[in-house]
Amino acid sequence: MAMKGFTRKFKPLEIITEEQVEAIHRGILDVLQTTGVRFESKRALKLFEKNDCQVDYDNMRVKFPPGLVEECLRRCPSSFRVKAREPKNDLIIGGNTVYFVASPGMQTVDLDTWEPRPATKKEYYDTVKIMDALPNLHLFCCYTPYFGFEGIPEVMKIPEGLAAKIRNSNKFTWSCFSNDCEIFNIKMVKAVGTETIILAMMASPPLTYYNSAIECAFRTLEADLPIGVDTGTVFGATGPATIAGSLVTYTAELVAGIVLIQLIKPGTRTFIAGFPHPQNMRSGSPAFGDIGISLFDVAFNQICRKYEIPCRNTASAYSSSKKMDFQCGYERGIPAILSAVSGAQFIHVHGGMYGELAHHPIQDILDDDVAGMIGRFIEGVEVSDETLAIDLIEKVGPIPGFYLNKEHTRKWWRKEQFVPEVADRLTYPEWINSGKKTAFDYAKKRMEEILATHKVDPPLTNSQEEDIERILKEAREYYRKKGLITDEEWETYKKVLR
Amino acid sequence: MSNEILENLKKAILEYESEKAANLAREALEKKIDPAKALNVMTEAVRQVGDGFGRGELWLPDLVGAADAMQSAMPIIQKEIERKGMKVETLGVVVVGTVFGDIHSIGKTMVCTLLAAEGFTVYDLGVNVTAEKFIEAVKKYKADILAMSALMTMTAPEQRKVIAILKKENLRDKVKVMVGGGSLTEEFAKNIGADGYDPTAPGGAKLARRLLNK
Amino acid sequence: MLKGFTRKFKPLEILTEEHVEAIHRGILDVLQETGVRFESKRALKLFEKNDCQVDWSNNQVRFPPALVEECLRKAPSSFRIKARDPKNDLIIGGNTVYFEPGVGMQTIDIDTWELRTATRKENYDGVTILDALDTVHFLSCYCPYFGFDNVPSVMAMLESVAAKIRNSTKAQWSGYQGREVFVIEMAKAAGIELLGNIICSPPLTYYGDGVENIFRFIEAGFPIDVCGGGTIAGATGPATVAGSLIADGALNVAGIVLVQLIKPGTRVIVQGGAGPQNMRQGSPAFGAIGGSLHNVAYNQIFRHYKIPIMDAGCYAGSSKRIDYQNGYEKAIPAVLAALSGANLIGFHGGMYGELSWHPFQAIIDDDVAGMIGRFIEGIKVNDETLAIDLIEKVGPIPGFYLNKEHTRKWWKKEQFVPKVADRLTYPEWMKTGKKSCLDYAKERMDEIAATHKVAIPLTSSQEKDIERILKEARKYYKEKGLI
């Protein structure tokens, strides 16, 4: 059986009306037909032309007939399975199922100073192992836990990261592309008999796709793998300052990518990623933790439901706070519950701290409680004669009636309650006796426990391990030859590999 | 045969079956099983559940379920022990209750269960217990310890009143007084003149041992 | 009138219509078959006169369903509460969401995070801060603290109401325990209404003083908060959410019936609230998600009854500090309450259980409430916000939006800008000494203390009245031997 994740058992939250969804959809069709999207790839342009799009080769602009757009949207399956290394970790994506995804961070943070610093190779592998052990973390994102680790050249970050996740976990993982690295990623997942979703069709807002993204998409589809379309609008910078306006440009970018995918290979398993943000009008950086992201995401989920294509939300991935503090808690807790009640299939929760810049395993462990709590919420209220318990209420009556000693309580409480692993649930006196421990202290202890006891089950076979190592070697040689790993980088890298 | 009945009695408590436990207690006495032995297996069962709770494997509803099952069988066995004029081995007699003005029973019930599991003889007076009732029970059962539970600090006057009556009736030297509850403190305990305080139920059971040097 | 926030979309619903009906029928069934215990002769007589079946031996009242439904219909679906300053009047009901502070028995020492009793000055300063915070629309009973240093417990509530009348012009509610005579006098002296309160004791019980109290509040013409008293699922209510909804709902509905029998059409807000029991410690599991499952479903049921709802309990988590856990344990329930139709949400300043409150927390929570408020106001979709013409004009890369008139006009309307959240980049943050929201909250507190004045101070005759009533009360309780 595939991984269960959590199932939303009630109708999703909707914050715009059906007419407003329609208005945004018409806006998208309008922009795709009148403004069009720039595709910097001859191969793609030709394919579009062949399928009755209007192509301007001078500025690489493609204008799409609405009929074709809608047909391509229909070609996407609304639910599909992706294979993990362990069948119990396969995902069936779509519908009311919610999976929690780890949030990527460029670096780790120093817990004494809260400053970011690069993770070591050991920290990278250890964090993957911790994430493998957390029950409410269902899959990895490409750059999780970190963008890379100390001492590896830029071009090897993605392949080395994927190898670490394959070695220290058998959960499913997404992957990305950069400098053709998808060639090696595809080889690696095939070598261990699994799949990955490559977030290949990555748009560059506004309304542009560069060649590398398009090439990666062709490669992904040739390998018969599922694919993700992605974009990252900043409202007021790369998209309009209004949420409705940015919904139009953002979704138009994604839909244009979907059209290309479904033209290359109809029926391809496709999911919609995306990374929207308001702009911080003081610093110019994205406003992480802003409630505007949730307003955007919840409306976006409504549009994706109309298209019947699975999607992800990132609002809960990051906060603007630099510490694991109250702000980090509300800036990520609120978006997480909003995404879960409004129908996102993937939600980034675990481990993210400030922006895309920091991740920490202790945050992963804290967030596993948050994910579990939200998962419990969306599973809703069971209403049956037994749960309504009218006979029991009659039997217990007014004070001094009491429920704790009843069979009904023993049977039901554990199904109804979510019991967190590391939250502080003590009374004041107990808490003082405990040395005033916080969730953070308990998370630290759980981290040590996991590292001491958790085993990846099953581990890679020897021959799989050999394959991974061989493919990594190939990648290293490829980039050395291309001059993308300098001699200096190579010397440091070799030390890390030892 | 007798072993089987005792095993089943223990099992009934471990499975939180009150009615079954009471029936098995009666059956045991009909079959002339030594009531002290029956008492032993019951105490052993509650202790097992208490240990499971201490290890974090079992939870409050289990603890309270076991205590309920034990308490349904207990009077039957106790009556027989008294009838035979046998002496029950016990660490001491504890009278427990939630003080007048407070109807919170959870902490109190936990303490009762854990005290029983430690090997004390426990008399649970329930919630909203007046000072007079506490004193009456201390006399009747010749209590070694009086344990008062309260969630709210507002009940301090009531607890002082109990201690004052104990003094007046020359009982204060004969019985140790312990207090516990969610918002009480060491300072509060000293203030009202109690002998000991612990915020938690497991701590309360250990405190009872310390107060009696057992 | 205070605007508060308006939810501009359909509320979140987690029960089907059939579920709501099943729970409603369960409530009627329990009210008729099990009944509710009222320890008040006066109430029992009134119930008997209105065709309820009263068992005088155990004070249990059994209600005919038709009477219950009639009384639910008599309660208004929206109503006004008068504040000292008319611009702070509230109109409670519909899709409007107001926030009110949480409460705490004590304050905490911010260095050790331990509890200690607040001073009189801290209590008054706390009220000033609440008066200054835009997202605090209403002042809760016993907020900020249950009492302060050297105030005898019988005077705690009166002193608390007096502090709020003196240092704020916002509307407030009041508890009871025999003190309502003086409280009502004080409200009348200040020209305000108080939201009175009847609190019940689950399972299915109303004690006498609570009942006596609402007779007095209703005679004074004040609106009433029917407060469920916090059913604990697995202890004072069934362990299942559905079962606790019935137990808690029946108890509240019985209170509403009493209120409407005393005086039909009395303004009522219902305050449900059940949460799971912490099955390790035996205490309520504050901040547990089960509390939200209950609240959201509860809101759906009382929206069905068209009675305004208070979700008072969104202020308490289980953490003892202002930390990550506290952040998610408070924020998630608050946003769920706002989405699902609560009209009043208890939030600012509360920390662990009802035990602790702190002004820093209140100031940080002002941002959270603002953020939630911004969310429920939703998205504007029209030709101008869709901006199709602008998109056409800007086109693909190197098109850019920051320098456009449309951006200058709209960004502030679309974004919520927090006051004390850390929104810096890493380099800026390091340069400013790594300040967190807690540091900014301290700064804002100092600023409020230095600059905020209550908009309309009490007149000297009002002040004299308040002091006179307090004196009378002190004398009364001294004579009764309660001080």
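Letters A, B and C name the chains as they come in the text, with residue numbers starting at 1 for each one.
Throughout what follows, a residue touches a chain if its C-beta (ideal position, glycine included) is under 8 Å from a C-beta of that chain, and two chains touch if they have at least 3 such contacts.
Values in this document were obtained by computation on a predicted structure and should not be read as measured data.
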Report summary line: Interface with most residue-pair contacts lies between A-C
Report task. Return the chain label for which the distance between chain Cα mean and whole-protein Cα mean is smallest. Result -> C
**Report entry** Where subunit A and subunit C are represented by their mean Cα positions, the distance between them in whole Å
**Finding:** 36
**Report entry** Length of the line joining the C-alpha centres of subunit B and subunit C, rounded to whole Å
**Finding:** 39
**Report entry** CA centroid of subunit A to CA centroid of subunit B, Å
**Finding:** 53
Query raised in the report: For subunit B, which residues are shared contacts with two or more other chains?
Result: 59-61, 103, 106, 182-183, 200
Report task. Would you give the residues of subunit A that are in contact with at least 2 other chains, written as numbers and ranges? Result -> 399, 402, 404, 409, 413, 427-428, 430
Query raised in the report: Which positions in subunit C touch two or more other chains at once?
Result: 201, 234-235, 239, 277, 279-281, 283, 355
Query raised in the report: Given the complex with subunit C, which residues does subunit A contribute to the contact?
Result: 9-11, 13-17, 20, 23-24, 27, 30-31, 34-38, 61, 113-116, 204-208, 235-245, 248-249, 252, 278-283, 285, 287, 289-292, 294-295, 299, 320-334, 336-338, 341, 354, 357, 366, 370, 373-374, 376-377, 380-384, 386-390, 392-394, 396-399, 401-404, 408-409, 412-413, 416-419, 423-428, 430-432, 436, 438-440
Query - Residue ranges of subunit C in contact with subunit B within the complex - result: 105, 153, 201, 234-235, 239, 277, 279-283, 355
Report summary line: The subunit B residues in contact with subunit C across the complex are 56, 59-61, 103, 106-107, 110, 154, 182-183, 200-201
Query raised in the report: Quick one: in the complex, what on subunit B touches subunit A?
Result: 16, 59-62, 64-65, 67-68, 103, 105-106, 109, 126-127, 182-185, 199-200, 203
Requested in this report: Would you mind writing out the residues of subunit C in touch with subunit A in their complex?
Outcome: 8-10, 12-16, 19, 22-23, 26, 29-30, 33-37, 60, 112-115, 201-205, 233-243, 245-247, 250, 276-281, 283, 285, 287-290, 292-293, 297, 318-332, 335-336, 339, 352, 355, 361, 364, 368, 371-372, 374-375, 378-382, 384-388, 390-392, 394-397, 399-402, 404, 406-407, 409-411, 414-416, 421-426, 428-430, 434, 436-438
